[in-house]
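Written below as structure tokens is the structure these notes are about.
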């Protein structure tokens, strides 16, 4: 499955990109994160939440969506 | 004792004046009010508080100040 | 900063919207501020017995009112960590749709401004001798009472 | 009136004070309104380890953020009797002293505006994916986290 992953704020400092398409053969968000931690060494030390199709999801959620986003702590206002 | 009495808002509709000086020979605010009710027939039906030297006082307060004000319900803002 | 001088809070007529914009602008040099909260009272065109309010004419026991505004100001600075506070109230006629009260509080952090602003506005409504004559379109009137 | 369309809340750069004044002015035709309450977020020149914040550069997951702003808006209209509500948030750099968030609520009566405004601002801080890079005067940076 081809997934679009978006990175924001300080996450971009770990990934050095704001968006990418990744081939993912697993099931859960946690598996996708493991794949990303292997790719980006410094990502594991970052604090972030995961959104799937613009809704926050847990690590146990099934990856179903086309769009996954890694969201660091909010700082609106 | 000569006292300055100030009238505000709808009180002026009863007194037809905003201020006057009155000779008062009594002791308490309640006595001063009796004197005013005799002078202004429609005043007794009005809702108001009394301030003496810019502080709210009760009917049992002694009249000591130079300035008494009759304050109808507040409507600030 | 608390200011010991009793200020004159009253302005003749409505408070113009551009005055509010300029007041906000003046605070942009105060870079310790993180949050502003502004309350505006606007005259409503209430319909009472088929008559529409066209304006409110405000009068006040000005000396006592300014002293009360000052007390409210001091109490708010005492209770809340505020950087600054401004209060303006209209005197004379203010038409429906126009602004008659402008209260402006600023603080480094947001939580305090909500509590401070509500405290100040409620105190103004309860304690300050300001009187409002609601003038209807047919020029008859009734006296406003705060609820 | 609740509006079902998802609006774009974001503005490039700081929110000018005259824009706020004009926004107030536009509400003077709505004569059922008796009370406005406005929250403004202003960028603080915080000093951290002897370095002073010169600006915050805002980014956002814009689609999700606008959807969240819309949810907050709908929830506020549901919970509180509001005549209208406006939210604007900056994107890109906003200098210390400038305004980055403008929330404006209006209602016939005052009690509701205080509660509504605080509800909206707290929801924005907690739920909307906006990110802030605090840029110091020496061009180094750190990432802002809402408390």
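Structural remarks
The first chain written gets the first letter, and so on, giving A, B, C and D; residue counts start at 1 in each chain.
Here is the rule we go by: a contact is a pair of C-beta atoms (placed from the backbone, for glycine too) under 8 Å apart; a residue touches a chain by one contact, two chains touch by 3 or more.
Keep in mind that what you see is a predicted model, and the values were worked out from it rather than measured.
Chain centres computed from CA atoms place B at the largest separation from subunit D.
Averaged C-alpha coordinates give centres for subunit A and subunit C that are 49 Å from one another. Centroids built from CA atoms put subunit D at 27 Å from subunit A.
In this assembly, the C-alpha centroid of subunit A lies 73 Å from the C-alpha centroid of subunit B. Chain contacts: subunit D has residues 41, 110, 121, 125 touching two or more partner chains. The set of subunit A residues that touch two or more partner chains comprises 77. Contacting chain pairs (ordered by label): A-D, B-C, C-D.
By the touch rule above, subunit A contacts subunit D in their complex via residues 6, 8-10, 51, 54, 69, 71-77. Contacts from subunit D toward subunit A in the complex involve residues 41, 56, 58-61, 63-65, 67, 89, 100-101, 121, 124-133, 143-146.
Residues 17-22, 24-25, 27-45, 96-99, 106, 108, 110, 113-114, 117-118, 121, 125 of subunit C touch subunit D in their complex.
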